[in-house]
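Have a look at these structures, which come just after this line.
Two complexes are shown next, each including subunit A; its partner changes from subunit B in the first to subunit C in the second.
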Partner chain A sequence: MSDVQTFLDRLAERTEARRQAHGPEPTWIAARRQAGAARFDAMGFPDRRVEAWKYTDVRPIARGDFALTDSGDFSQASAAALTLPIVAHRLTFVDGVFSAALSDLGELPAGVAVLPLSRALAENHEAVGGPLGRLTGVEFSPFSALNTAFMEEGAVVRLAPGSVVKKPILLQFLSRANAQPVMSHPRVLIEAGARSQATVIEHHVGETEAANFTNLVAELMLDRGAILTHYKLQEAPLSDLHVASIHVEQGRDSRYTSFNLNLGGGLVRNDLITELNGEGAVANFYGLFYGQGRQHIDNHTLANHNAPRTFSNENYKGILDDRARGVFNGKVVVKRDSQKIEGFQSNANLLLSDRAEIDTKPELEIYADDVKCSHGSTTGQLDEEAVFALRTRGIDEQTARGLLTLAFAGEVMELVELAAVAERVELAVAGKLPERFNLSGLVEAAILLHDD
Partner chain B sequence: MASQEMEQLVRREYKEGFVTDIESDTIPPGLDEGTIAFISQKKGEPEWMLEWRLKAYHQWLKMTPPSWAHLDYPAIDYQAISYFSAPKRPEDRPQSLDEVDPKLLETYEKLGIPLHERAALAGVAVDAVFDSVSVTTTFKEKLGEAGVIFCSISEAIRDYPELIKQYLGTVVPVADNYFAALNSAVFTDGSFVFVPEGVTCPMELSTYFRINAANTGQFERTLIICESRAQVSYLEGCTAPQRDENQLHAAVVELVALEDAYIKYSTVQNWYPGDEDGKGGIYNFVTKRGDCRGDRSRISWTQVETGSAITWKYPSCVLRGKDSIGEFYSVAVTNGRQQADTGTKMIHIGEGTRSYIVSKGISAGRSNQSYRGLVKIGPRAKGARNFTQCDSLLIGDQCGAHTFPYQEIGNSSATVEHEATTSKIGEDQLFYCQSRGISEEDAVSMIVNGFCKDVFQELPMEFAVEAEALLNVTLEGAVG
Partner chain C sequence: MLEVKDLHVTVEGKEILKGLSLTVNAGEVHAIMGPNGAGKSTLSAVIAGKDGYEVTSGTITFEGQDVLEMEIEERALAGMLLGFQYPVEIPGVKNIYLLKAALNAQRAANGQGDMPAPEFMKLIKAKIAEMKMDASFLQRAVNEGFSGGEKKRNEILQMLVLQPKLAMLDEIDSGLDIDAMRIVADGVNSLRAADRGILLVTHYQRLLDYIIPDHVHVLVDGRIAKSGGKELAHELESRGYDWVVEESAA
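Entry: the complex of A and B
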């Protein structure tokens, strides 16, 4: 049986079971599922000859046999240990299934709605049908098609014009250690009205033995003047497989800031795309990835400058150890007549092992002349002069290297505004550094400080 | 069809190929085994060479044209091309410069090409060309004394079969890519250079080449070999605009550098770019690769690309030898409706290998230009080092400039740096020049030449001067 057929069979089973349990779905959903399935069937899983997947082998996903689950059970204690220690409006999904027990929305400001997709559909499916799939169609990739065919659950965030959400909105995706690996196809839909402001944290984490497949599609729409900060904290277990497409649409003077922090996951692929459609729109893409063991972390970003006077700024940092592999593909596209554009892109990588590999491709595609665009990419080792400078101050060489590696990650981390996220990531990075860097003492001291 | 039958068919066509009338100078358009046998026969090639060509042809049949480049052109009908035509006879050519298109002469004037070369470049019959024969003879003697072999590839196949067998197709294998396979099957001419151990070629091979190779074939094949501690500098093409009835060009260039050898390969390409709508321009699909086989060997590519409607070209270096060096300096200028997808590949295999890439792209008019490069550091390339700088300059708001640099790094001791910028000529720079009484056109030309300086420095001196002039001619009318 072909890899594609396994997934299509699962889909048929699921659709039938759903029909029997809940009766027929609204026609638009059924039609989209069909379109998604047909598209996925036609395209199949991408192989390495497809340019966008040149460095990422998806066979671990294609060859897997993933079940679907209806259970959102997760032990309260382990959830508490995994969750971010932060005061937030919290929605929790366990293997893609909404868990009311682990969710706590608290009090939301007026005009702000945060709810699971299933509830949004039950309340008013037509209000969801308009924006859903507008940015990420089934054409985008075989994975977006697959997601459209399977989608059931996810998060819907609606911000009325002028509304400001002070506390972050935390979307927590927990991966459970199941007898059989499970797959989930969550959707995230954020509609930020004019001049609204919010911070959304997408947190992927789970039980150490978990080995599930998450195929997420997020669509973020920023109306004029909206400000959205989006953290994606990837701490999934090392056997988890994760593919995500994040599409952002930006109106005039809107500002989107993405922090894509990749620490976990066995195979992680992110497609982050923004459409800068209105003058004065600003997109900031900040990323950090730390790969160990046999982790494979692939980040594809794309900034489409569709209007004049739009700005994009990107800074990705990668640290790779053992046999880990990192892929970075950043692209800036300036459309014809989109003048007075500024687009900056930077990717720096540090290889800690000879068996680690980084494949990086910073691309520019420019069709207007009054632009300032640049990209830089470096891969190498720590600056020997900096190591020497620390040693002259009495710090031994290995500690110096450890400190400088932390500082390398620090260039992205210092932009993080949420202390809870920054501390979590900094500690995780310090903890991941090879023992030879002799930082254990430092880390312990930091943890003690943190506990106080 | 069973493979046996297929084989019989192949053999039968061989026969037919061999009886083709070798008196005729041109064969009708189309490509099959007969065509290849005809070319091979015409060139007086030995049997093994024909087999080599047929092998390439069979590989080619199985391949599809590459579609990944950022280029847009109609599909090429390979059966509509004539694969062999003998050079024009002296009586068919213009008999003196008076018969040459005055526009062409005007361009020569602007480029500052020496008087005695103009006739040769314009294709005036050799007898009428002032002094060129004697110049050639002197060069040949000098090279012969040094032990350097420099001849056409067809002569080399006849006279130095051992060298050809040893090196041909070892850098660019016959099935390397679609156009290389096509070239391997049907190449008609090109150059062969062999510099023996310890010899520094006594002259720039450019000077000679320029006069003699103005009528280069459509499918050129070049092979340059430098033995240990040998050195050579070679220049291909010339700044003068070249017209050619053949729309498709697919050349293959192979360089082999053994221990401590140094090959410097410079190209100036100015094929006809087509009319204002881009019609009739040359399609230039080139595979160029250098193999730094020996330790401390060095290969340097310099190119100035201003012509052709379509350019598809990635001069590359395979850095096998320990501490070997690869360099790539490129200026590409596109105007009108030209499209260029060009860049380089640096494959670091050996320890301590270094590569240096400087690419300057200038797009004007409605043209599109891409830099596409690969830097690959293998797991054994300890301490490998690469620096890449690629800058684009946009002139006008209808053109495009794109950068696609691939970096694949598999060694923690490697250092790889890439920088790219895209911008237009600054208003402040123009204002500064104009406030000092320099006209806008001159100011632009000054700024553009400054932008390309890093690359022009690498060209042999007389060509650097011409290349600057060429840039101005190409960009004429793009500004103001």
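Entry: the complex of A and C
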């Protein structure tokens, strides 16, 4: 039986079971499923001859036999230990299944809806059917096709024009240690109305022994003037497999900021794409990936400048230890007549071990003549002279290395506004650095003392 | 305090120090002078524990402890600090964090907890004023984009904060204009104390007009060829090094 057939068989079983339990689905969903399955069947899993997958071997996924689950059970205590300590509007999914017990939306501002996809479909499936799949079709990749064939659950966020959500919206995806690995195909759909503003945290985390496959598709639509900050904090267990396709569409003067912070997962592939469709739209792609052991982390980004006076700014930092492998492929495309655009891109990598590897490829495609673009990438090791200099001041070697590693990540981490997120990342990257979090206060105190 | 006995050191197979002996007692300021290539910087680098220096024979003890058996950071925690000739730039690590981490490491080694923030700030404020540095230095990455003079002042600032038992300053005067030299010298002079040793390594006598040494040693070809008081420095200034080289060869 081929790898593809294993997945198609699962799909057939699932579809039949769903029909028996809930009756027929709305036609549009059934049609999309079929289209997804057909597309997946035709393409199969990508092998490494496909340029976009040249450095990432997906056989651990293709050869897996992943069950589907209906259970969202997860111990409250271990969920509490894993969750981000942050006040937020919270939706939790366990292996893709919505968990009401672990969700707490609190009070949402007027005009703001945050709900599981299943509920959004039950309430008004046509309102979902319009935007869903508009940005990420089944053609995008075999994984988006697979997701479309299997999709059942996920998160829908709707921000009415002018609405501002002060607290972050936390979408928490927990991976459970199951007897048989399971797969989930979550959909995230965010519709940010004109001049709305919100911060969404997508947090992937789980039990240490978990070995599941998550295949997520996110579609984020920013209308005129909308401001959306999107944290993707990936702390999944080291045997988890994770593929995410994130498509953003930006209207005039909108601002999308992505923090793609990848610490966990055994095999991770992210595709982050923005369509800058309206003048004045700004996209910031900030990334930090930290791999150890045999982790494989692949980030593909694409900024499509489809309109004049659009801006993209990308800064990805990679830190790889042990035998970890990283892939960075960042592309900026400037369409014909998209004048006065600015597109900046930078990727710097730090290899902490001789056996760690990075494949990095910044790309520019420009079909307009009045543009400002730059790109670059660097790869290096920790500066041993700096390690020595710190040690000569009595700082132990581990702290010295931690400090310097964190300093490397600094450019990206300085921009992280959520302390709980920054803390997670800093702890992972540098180990425990005492007093780290009082530093900004110290500096302010220094200036105050100096001024008086 | 510091005792160096018959020290032989090779770098990349080449013998640089060939039987150097030196004793620095608490309360003393020693200046090591000598022509280029005599091994002046090697001595302080070996004491600090820099990689690439192989001690083939001889001993270094500090307050009775075998320095060569100690890790780099242990040497610092024992009270030996080296001010670099070329301080390295450490992008992304703020000065204030280096100072705080270093000071707290020292306190931890002495069984003390971290210094409370207000006390720490008061201390730092006093020390940066002493080095005529602006508070904004604290927020900047260590030595990044600093001028030569600023880097040297920053080295002395670390000494003032960490109060070592033995301060070793490697060519601390190189590249300094006269104003910066005065500030650096004032900083070093403020470190003079009955319980502290200071070891200055310098090529030029000029610095010693500002920091008056108790002992001057001339290092020639990996050995101390001549020792004397502060007047020896003046003699070297007027006569150069050749006569010492000739004397030691004889």
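Everything that follows uses one rule, which is that the second predicted complex is superposed on the first by the 410 of 452 C-alpha atoms of A that agree within 3 Å, B and C clash if a C-alpha of one lies under 4 Å from a C-alpha of the other, contacts with A are read in each partner's own complex, and residues count from 1 in each chain.
Note that a residue touches a chain if its C-beta (ideal position, glycine included) is under 8 Å from a C-beta of that chain, and two chains touch if they have at least 3 such contacts.
Quantities reported herein were computed from a predicted structural model and do not represent experimental measurements.
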item: Which of subunit B and subunit C A:Glu13 touches, first, second, both or neither; value: neither
item: Contacts of A:Cys373 with subunit B and subunit C, given as first, second, both or neither; value: first
item: Partner chain in contact with A:Ala356 - subunit B first, subunit C second, else both or neither; value: first
item: Subunit B versus subunit C as contact partner of A:Gly410, first or second or both or neither; value: second
item: First (subunit B), second (subunit C), both or neither touched by A:Glu365; value: first
item: Which of subunit B and subunit C A:Glu209 touches, first, second, both or neither; value: neither
item: Partner chain(s) touched by A:Asp337 [first = subunit B, second = subunit C, both, neither]; value: first
item: Partner chain in contact with A:Ala389 - subunit B first, subunit C second, else both or neither; value: second
item: Residues of subunit A at both interfaces, subunit B in one complex, subunit C in the other; value: none
item: Subunit C - residues contacting subunit A, complex; value: 48-51, 71-73, 75-77, 81-82, 84, 87-94, 96-98, 100-102, 104-106, 109, 114, 117-118, 120-122, 124-125, 128, 134-136, 138-139, 141-142, 158, 162
item: Sites on subunit A touched by subunit B in the complex; value: 51, 55, 336-337, 339, 349, 351-381
item: Complex contacts: residues of subunit A adjacent to subunit C; value: 383-386, 388-397, 399, 403-404, 406-408, 410-411, 433-435, 438-439, 441-443, 445-447, 449-450
item: Subunit B - residues contacting subunit A, complex; value: 68, 70, 379, 392, 394-424
